[in-house]
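Quick heads-up: structures coming right below.
Both complexes below contain chain A, partnered by chain B and then by chain C.
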Partner chain A sequence: MKTKKDTIINNSKNEYQEFLFGPAHPGSGNFSVKIKLGGEKVVLAKSDPGYLHRGFEKLMEYRNIWQNAALSDRICVFEPLAWNLLFAEAIEKLAEIDIPEKAKYVRVILIELSRIQSHLIWFGAFSSASGFDTGFKIALGYRDYILDIFSIITGGRVYPTGFICPGGLRRDLPAKIEDKILKVLDKVNEAIFYFEKEDPVFKSRTENIGVLKIDDAIRLGATGQVLRASGFLQDIRKDDPYEIYKKIDFNIPVLKQGDAYSRFKLGILEVKESIKIIKQLLDKIPNGDFLNKNIKIGMPFILPKNEAYVRNETARGEGAIYIKGDGTINPYRVKIKGPSFLHLIPVLEFLLKEAEIADIPIIYWSLNGCPADMDR
Partner chain B sequence: MEGLISKIKSKFGAEILKKEKNQIWMKINNKDLINICNFLKENGFDFFSCLSAIDILENNIIELVYHLWSQEKKTILNIKTEISREKPEINSISKIYTASQIHEREIHELFGVNFLGNSDLSELFLEDWSGPAPFLKDFDWREYVREKFYNKENENEKGYYN
Partner chain C sequence: MKLKIIPKLIANLFKKPITVRFPKQSFDIPDGYRGKHSFSPNKCLGCGACARICPNKAIEMVDIKQKDGSIKKQPKINLSKCCFCGLCENVCPTKAIHLTKKIPFTGDTSPDIIK
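And now, the complex of A and B:
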C-alpha cells in the first residue's frame, strides 16, 4: 500500500512556485498568505494581513465613549460581545466606575453564549475546510438559536451595538429569558452531539497536522485554546479573574498533542464548560439595577487623565485594550490587541513551513483566527 | 513579587508609578530596556502580552508601554519608557521575547518607530504607503485624503473642502 509520504511530489529539480492563499479564497476570510511551494511542500509562508484594516485605534480617538462602545462591536465579527465587554471594562477601569452585580451576571452569561456561537462558526468553517460540508450546515444552523437569544436581549442578532456599555448594560433583561436560554442550551447540546462523534475521515485529515509544541507556542505568543491544546494551562478567567468568574465553578480543559485535531477537540470541551457556567448563573441573577446610577447613556463623559490595561479571555485567546484618557470626552489613545494578531502571523507562518499544500486550510482554520481582530 | 520590584528599583533605577490588583506600572530609562527584559524573563515573566505606543505631542515624545505577563506570579507588568519624537529609535526586544517582533513591526509602520535589531520591519497592514506614519497625532488624515484623492475643481467632490 502506498503511504501518505510516497504520494507527495518531491521537489527533485529545485523548482519553486509562488501563489496566494486568499484574500478571495473562500477558505481564508479577508486574509491572505503568500506561499512558496517546492513540489507539494510549503517552503516559505508569509502572512499578508491588512485587508480589513479599518484603523479602529485611530477612529476611537475622534469619538466619545458611547460612539466607541458601538464601534467596538466591529473589532471581531465572530464575537462582537466579547469586544463590547472589553471596551466597557477598559472605560470602567480608567474612570473607576463600579457596575451593579446584576450587570456582571448578565455580562458573563452573554459572553459565554457568545463564546459558544463563536466556536460553532469555527466548527463550521473548520469542517468545511476539511471537506466535511455537512458540519458547516449543522454548526451554522444551531448557531442561529443563540443569535435569536441575542436578538431578544440586545436587539441585534450579530452586532449588539454597544449593549454592554461602560457602567453596566443598556437595557434590562426581558422577562422569562432564562427559560429560553435553557432551551437554546439543549439545542447546543444537540450540535455538540454531532461534533463529538468520531469521524475517521475528519480525524485522518487533522490528526498530527500542524503540530505546535508547547515551547514554540509560548515563544510565538500563542494564547487561548491554541496554547491550551499544546498542553499549557492558561486562562485569564482563572488567572486574572474579571466580572464574577471568581465565584463560578468551572474547569479549564487542556490537551497535550498540539495538533489540529486536539485544537478542535478542545473547542468542544470548552463549549461544554460554557454551558456549565451559564446553567450555574441563570437562576442566580440578582435583582436590582443594570446600570450604574451616575452614568447617563449618551451624555458626554469626561475621561480622567489616567491609563488602564485590561485583558479578557475571548473565544480565540487573549484580547486586550490599553486606553489613555487626557481629560476630554474622547480617549487620547486606544490600543487593541487581538489574539489572532499572533495566531495568524507568527504562529501560522511557523506551522505552514514544511506543511503539505492540502493541509493549508486545515492548519489555518484549526487556529480559530479572525482576520477582523488581527487587522482592526 | 515585592522582592523582585525592589530589585528592579535598585538595580535599574526604575520608578514605580502605580500598583493595581494584579498589575504594576513602572517607568524606566530606554537604555535599560534590554537589561530589564532579560532580568524579567529570567524571573518568571515569560509571556509578552502587548506593546502600545502613545504619541505625546506636547512633550515631543513617543511613549512605549511593554505589557508583560507572569503566569507564575499572576501579575502584569506595564513597563513605560520614552523616546524622542525627532529620532524615534529604540533597541528591539524581539531576541528576548519572540512574540514582540510582530508588535514592533506594527508600531514601526503606524508610528514610525525604528526598532534596532528587529529582523523584519517590512510593511504589514498598509500597502504602497508613502505618507507619514498615520497614527501620529499631527497626521491629519482628512487633509491627507483631500490632497491625495479628491479634486477641488470636481463638482461632485467640492463638499469635502467645506
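And now, the complex of A and C:
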C-alpha cells in the first residue's frame, strides 16, 4: 500500500515543479541552478552561470602586466594568491624571465597558506550548508589568523593585489615572519582537531550523498580533490612540478568512496599536507634577491610575439592561463581556465539528478566550487 | 563526557573578548599595510606616472593653481575607485605618494572621499 510519504517522494501523480537554486540564495553563493522537481526528487538540473561575469579575459587585453597582476587577484575571491602566481608564471614563461630562488620559496609558502585558508572557508560554507553553523564560525575564526599573516607579508588581508608579480615578489619578507607563521600553523591544527572529530549528524547528512564514481569523474573532466576523492591519483604539483615542488617531500591523499563526506575528509588531509610543506620550507628560505634584477616594478615591458600556457594545482583543482603576446605591452589574448567550470556544470548536473531536494546544498558545496573563477 | 564543556565555559567567561570596539579602537596594523594614501604636493613633479599605471583609472591629473600664480598638474585620487595595489607608490620618482596604515574610510561628504 502506498503511503502519503511515498506519493510525495516518488511523485506518483507526475506533477513537476521548477525553481531556481540561487543566484541570491544563502546556500549557493552567486551561482544558480535551474531545478525541475518531481515530488522531492530532482528530475533535471541545469546550471545557469554568468551572474558573476566580469569579463577578465577582455579587460586583460587593455592593461599592461602590472595592472593585470593586480587584476588577477579577483578571478577567485577565495584564493587570490593562487591566481596571482598563475598570471606571474604565464608572463615569466612568455617573456622567459628567471626568478630568484628566494622568491620561489616564499611563493610556495604563500600558496600553501592560501590553500589552507581556502579549505577552511570551504569547511565553513560546507558546514553551514549542512546545518552545522558552529562549524562555520570555527572555520572563519581560524582563517583570520592566516589573513593576519597575509596582511603582514602582502599588505592586504584578502587581496594581495599582485604581490606575486612577474619576476618574483613585490617586496621582501618582513623580519621574524617564520615564528609568526609557525604560531599560526599551531592554530590551524586546533581548527583541524575540531573538523576531524566524527560528528554522527554531519556524517549522516553527507555520507553516500553525491557519489561520483571514478569513471564518471574522468568522463566529466573533474580535477583536483573531486577527482582524488573518487580514487584517481592526480596532482599537478607532482605530475608537472612548478616552482620548487620537485624538492619537497609530500604525499597526495586519495580516497575511494567519492561521496560528499570523502571530499570533506580529503580536504582535511590536504590541509595537513600543506602544513607539512610549509614547515619544511620555513627553515630553508635562502637569502638574496626577491625580484629579478632586470625587472623594475611598475615599468611595463614589451611582450614577445609568442604564446604560453601554464597550469597549477589550486585549492579547487586545475587552474590554467593561456597568454599570447603580439609585440606590445598589453597581451593580445588571455584565456583563463578556472577549476570550478567543470565541477559546477557537468559534474554538478550529473550529481544532482535523482538527488533529494534537501541534499542540493550539500552536493553543491562538496564540490568546493567558486562561482567567481567559473564566470570570470 | 558531555560535561567537558563546563570547564571550557568557565575559562571563557574570564577571557577578554577577541573583538575590539571599532572605530574607537583598532587592531595593530602592520607596517607596510596598503591603506589610505598620503600625498605631499611639494615633492610632486606632476609627471603623471601614477595616473598612467593605475589599474582602475582612480588617479586623474588636474591643474592646481600655486601660490605664485603658476599652474601645476597634480594627482587627484578617487578612493572609491582605488584597489590599493600600491603601484602609484612604486612608480613615483620622488616618493610624493605613498600608502599609509590609515584604514577608516567613512565620510559624510564627497570631499572627504575624493581628494
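For this structure, a couple of remarks:
In this text, the second predicted complex is superposed on the first by the 368 of 376 C-alpha atoms of A that agree within 3 Å, B and C clash if a C-alpha of one lies under 4 Å from a C-alpha of the other, contacts with A are read in each partner's own complex, and residues count from 1 in each chain.
In the analysis below, contacts are C-beta pairs under 8 Å (C-beta built on N, C-alpha and C of every residue); 3 or more make two chains touch, one makes a residue touch a chain.
Keep in mind the model is a prediction, meaning the values are calculated, not measured.
Once the two complexes are overlaid through chain A, chain B and chain C fit side by side, free of any clash as defined at the top of the document.
The larger set of touched chain A residues comes from B, when the choice is between chain B and chain C.
Once the two complexes are overlaid on the shared chain, A:Gln234 sits against chain B while remaining clear of chain C. By the document's definition of touching, of the two partners only chain B reaches A:Lys324; chain C does not. Look at A:Glu57: by the touch rule set out above, it reaches chain B but stays clear of chain C. In the superposition on chain A, contact of A:Pro174 is made with chain C only, not with chain B. Judged by the touch definition given at the top, the superposed model places A:Lys337 against chain B, while chain C stays out of reach. In the overlay built on the shared chain, the residue A:Gln67 is in contact with chain C alone; chain B does not reach it.
Of the two partner chains, chain B is the only one that A:Pro346 touches; chain C does not reach it.
Once the two complexes are laid over each other on the shared chain, residue contacts for A:Arg311 go to chain B alone; chain C is not touched. Judged by the touch definition given at the top, the superposed model places A:Gly155 against chain C, while chain B stays out of reach.
Rounded to the nearest 10, the angle at the Cα centre of chain A between chain B and chain C in the chain-A superposition is 100°. With chain A used as the common frame, the shortest Cα distance separating chain B from chain C works out to 15 Å. For chain B in complex with chain A, the touching residues are 22-23, 25, 46-50, 52-55, 65, 67, 69, 71, 74, 76, 78, 97-99, 101-102, 106, 110, 124-127, 134-135, 141. Across the interface of their complex, chain B is touched by residues 49-50, 53, 55, 57-58, 218-221, 234, 239-240, 307, 309, 311, 318, 320, 322, 324, 332-333, 335, 337, 341-342, 345-346, 375 of chain A.
Chain A meets chain C in the complex at residues 63, 66-68, 70-71, 151-152, 155-156, 159, 161-162, 170-171, 174, 297-299. Residue ranges of chain C in contact with chain A, taken from their complex: 29-34, 49, 53-55, 83-87, 90-91, 99.
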